Amino acid sequence: MSKSLETKLGPLTLKNPIMPASGCFGYGEEFAKLYDISQLGAVVVKATTPEPTLGNPTPRVAETPAGMLNAIGLQNPGLRRVIQEKLPFLADYQVPVIVNVAGKSIEDYVAVAEALSGVDVVSALELNISCPNVKEGGIAFGTRPGPAAELTRAVKAVTNLPVFVKLSPNVSDIVKIATAVEAAGADGISMINTLQGMAIDIYRRRPVLANVTGGLSGPAIKPVALRMIHQVYKAVRIPIIGMGGVSSATDVVEFLLAGASAVAVGTANFVNPYIMPEIIAQLPEVLEKIGAKTVQELIGALETN
Amino acid sequence: MSKSLETKLGPLTLKNPIMPASGCFGYGEEFAKLYDISQLGAVVVKATTPEPTLGNPTPRVAETPAGMLNAIGLQNPGLRRVIQEKLPFLADYQVPVIVNVAGKSIEDYVAVAEALSGVDVVSALELNISCPNVKEGGIAFGTRPGPAAELTRAVKAVTNLPVFVKLSPNVSDIVKIATAVEAAGADGISMINTLQGMAIDIYRRRPVLANVTGGLSGPAIKPVALRMIHQVYKAVRIPIIGMGGVSSATDVVEFLLAGASAVAVGTANFVNPYIMPEIIAQLPEVLEKIGAKTVQELIGALETN
Amino acid sequence: MRLQQTTVLANEPLTPDIFRLTVSLPEELPEPVQPGQFCNLRISGNSHDPLLRRPISISDWDRRLNNLKFVIKKVGRGTKALSRLYPGQKLDLFGPLGRGFPTDHLREGQHALLVGGGVGIPPLLLLAKKLAAKKVKVTAFLGFRSKNDAFLYEEFARYGKIKLTSDDGSLGRCGNVCSLLADCLNQGLAGDSIYACGPLPMLKSLEELAARFPWPAYVSLEQRMACGIGACAACTCRRKDPEPGEDWYRLVCTDGPVFRLGEVELSE
Amino acid sequence: MRLQQTTVLANEPLTPDIFRLTVSLPEELPEPVQPGQFCNLRISGNSHDPLLRRPISISDWDRRLNNLKFVIKKVGRGTKALSRLYPGQKLDLFGPLGRGFPTDHLREGQHALLVGGGVGIPPLLLLAKKLAAKKVKVTAFLGFRSKNDAFLYEEFARYGKIKLTSDDGSLGRCGNVCSLLADCLNQGLAGDSIYACGPLPMLKSLEELAARFPWPAYVSLEQRMACGIGACAACTCRRKDPEPGEDWYRLVCTDGPVFRLGEVELSE
């Protein structure tokens, strides 16, 4: 196979830049019924917390113009069961596995990171410091450079796995957070998580989501994601996994140009469950149309002068 | 005429809650050719700066999923010509006029506010501390509570007009800015201005906008606007002019429920130039459908327990 | 499940709000449709607004003609867009999804009670058809708002007895369908299984009646969905009595939409 | 200008990329259409994506039949959506907008040179028709990529002379339309007015030629737009030599799209 789609995320080499966004692909089992998931550049699984997390009451999702709100609330069966029951399934596929890590305290993140470091199938960690849907934790780290850096440092101290820190877009200056986690040793950055939003049911005079607010994802947020990736790309040297509204091969190229080394697809999986293999199949043609030979030459190649 | 649509913005009473968002209605002349603009609850005109402002190079707009980016760059003929050539036109209409004020320094805002205070047709000022499209000024005040408050105080000192402060959504905590400007004497809050975003032309490997980034408006941002209005409503006592993606009478009711006392329509004017009179005509029916007698009873009436 | 570009064969109004859409599948479905399963219909073409697919129960499946029918109520943008499809147009369909009503435990001559309210009725029609084909006796309790809002009941009559109610008394008995069922149970009506689909209050009334029927009962639930295949955790419902160490939730899209009555909480 | 729900009468391909859309207006237009004016077409129905209207020049207007024609190139989502409209469908139209080509200064027997490139050609057709009706002589210089991409030129022939070029020489002279015009000017071609519409490089070449023709010349510009009526300042272009105190910009949507050559900067 041609190497034109190959990309690098620090120590990881991916056969193509396409992976699912955390929380939009479960642990891979469902999509594995639809297509061979080893086609993907990587697999990113749901947030894992030390203990099982029940998540938020329903309704948990609401549609918005060209987007959706979710307030899943990090529902997951907890570290132990993720390792015992969920991750082994992915060992059968030739695909790097990135596990999204969440928690309420530094200790939580450290515990999960440490335990996952001993699991063979895991290729990298993604620290979710940006979930807008849980009251404590997560987002508290994501909006301030100090705590974000401290968390990154603590996790790096207990793991040899590459650590990607997933940033929140709900901040005044995302570059500050990015440079802080880079300085603290992050191997890369994932961005963006969802924008905090709300939808209202006028008949019941209530929010549509039981959680009141939720995270906005989908095509609606693409311009914000591109802007932030471009800003952070100019300020850091570590690779970026870009995401936020990607739903086509041309979107992927936009994210590469803005500075992403790989691109995650979230919400679009719900609209078209075959979207990721379709994008991978279409990428060579799009590269050709714009006169590019490789994915890597496009990374950050946006001209702005 | 029935008073069911009436609403109050501090000292101002509006016959209905609908007004244009600044920058999306020029100085009213164009839309006055289409319909009687005295039907509107108020008219909000473009940003006015002390000196003429040339604005940004073109392209200045780009379409995005359910939204658009603009980087107009506050183009306007400057304070003197606005007063002499633009505002007199509005004196012929029975409608409160709100002038959007912008600048690079406190002195700029103060100069514009002071001069406009002597102009009869002006009913209120809206301080734009949130334009993401000009390099200096504006947004510098919009992202920090201290400078926002200082600016508000300085303007209040030179004018008897009600002062609305227009907030940027590109911040970690909009409530802090809102409470700061309230404490500094603001008579109300306008929110939200645009989210900073970017669009990329993959063929030219360049941003679509000459300005690189622009402000995202339109239905895409509605969930973010509603969330922020709801948060600010709970924290302040001054009225809110809500905006961000409004394009129907049901949208208006969502904004009222979230806490807006009046609602501005921006981008939707470009899609349907008759949208504001249409919304005003439809509002009574929507109120009836949801069992409401008046606009005022809906303000902030969202139940979240 | 399979993603297919189907072709609309027919689209007919059944009431002012409710229409029936018939689509023809270009490819065979991988497995037989179970009554109670649903499809995820894409209404947006290549627009991003509206974005998400709409889950709609299969109300009929003709294996020979390879087509599916849906009976849909116009409630919002998506269902209104579906109501405007005309014959020949394409419809992107993903399905069948979820688990349907279990019927393997019923034998010829046994008796199934079907309880449907409003737009919960459509999936019961395919169930009635399947049960009738197995020679299981069917009694369908169908509740409508009014005679004008009633639909499909003649078709149920083909497969068994029908008992109708309407909120305003304009069709069948005045009142709700569970109180009619309760009365019939009081009068000695017996069955071997109960199947229900309808609004939450109806399902809750049924649950209150549960003490009066020892037979297995199955209910079909709705929940806001995103993926429809178990990957996003949007559509959870709570299990009533999970064993320690067991999952405390179920997914409506893959564990349901049909659950055994009592397995999960009936709440929004 | 007026907002109308028009009905599509015809939609015919002219080349693989270019099609002609004919719509019928339910109401009369408030004023006569000036050649060079455009309409803002809404392609989204009640979806929010795509959001904005698309500006498209009027290429023909039949006052008696009360219909408009547009000749459109498929370049993106919006124009592709327009290409799929079929007769009987509705199209939301806002127009006519902007200022067209001035023709009042031309008298019977005078001579107008029209210069069009690619998809800049359509508005010139209505201009040619109007000029011909005034008995002004018309010579149309029309440039295409190739013979396969050529369109409308037979219709121009009805109203005057045509001079064709193509980039690959498959139709008319090989090369660009301005070099043919330059040659003709060198050979003594004279006129009383020049009208041009086409890609920016073509307009710039024309501007370079300007010293060779003392007659008034008018060019139609494009710019990304939002409102189309002068309210948003999206579509500015710079004036070349504003007097002190005068505006330094013009709006393509209301001051244009047609400007006198030399009035504004020709840039993106």
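In this document, chain identifiers A, B, C and D correspond to the written order of the chains, with residue numbering beginning at 1 in each.
Basically, contacts are C-beta pairs under 8 Å (C-beta built on N, C-alpha and C of every residue); 3 or more make two chains touch, one makes a residue touch a chain.
Keep in mind that what you see is a predicted model, and the values were worked out from it rather than measured.
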Chain hops separating subunit B from subunit A, counting only touching neighbours: 1
Between A-D and B-D, the pair joined by more C-beta contacts: B-D
Of all other chains, the one whose Cα centre sits farthest from subunit D: C
Whole-Å gap between the CA centroids of subunit C and subunit D: 56
Geometric centre distance via CA averages, subunit C-subunit A, whole Å: 36
Mean-CA-position distance for subunit D and subunit A (Å): 47
Where subunit A touches two or more other chains at once, by residue number: 64-67, 218-220
Junction residues of subunit C - those touching two or more other chains: 44, 48-50
Chain-level touch network, classified as line, ring, star, complete or other: complete
For the subunit A and subunit D complex, residues of the former touching the latter: 65-66, 219
Subunit D - residues contacting subunit B, complex: 1, 3, 42, 44, 48-53, 94, 223-237, 247-249, 254, 267-268
Subunit C residues touching subunit D - in the complex, by the definition given at the top: 44, 46-50, 77
Subunit B-facing residues of subunit C, complex: 48-49
Residues of subunit A touching subunit B in the complex: 64-67, 69, 143, 170-173, 195-200, 202-207, 212-213, 216, 218-224, 226-227, 230, 245, 250, 253-254, 257-258, 286, 289-290, 298, 301-304
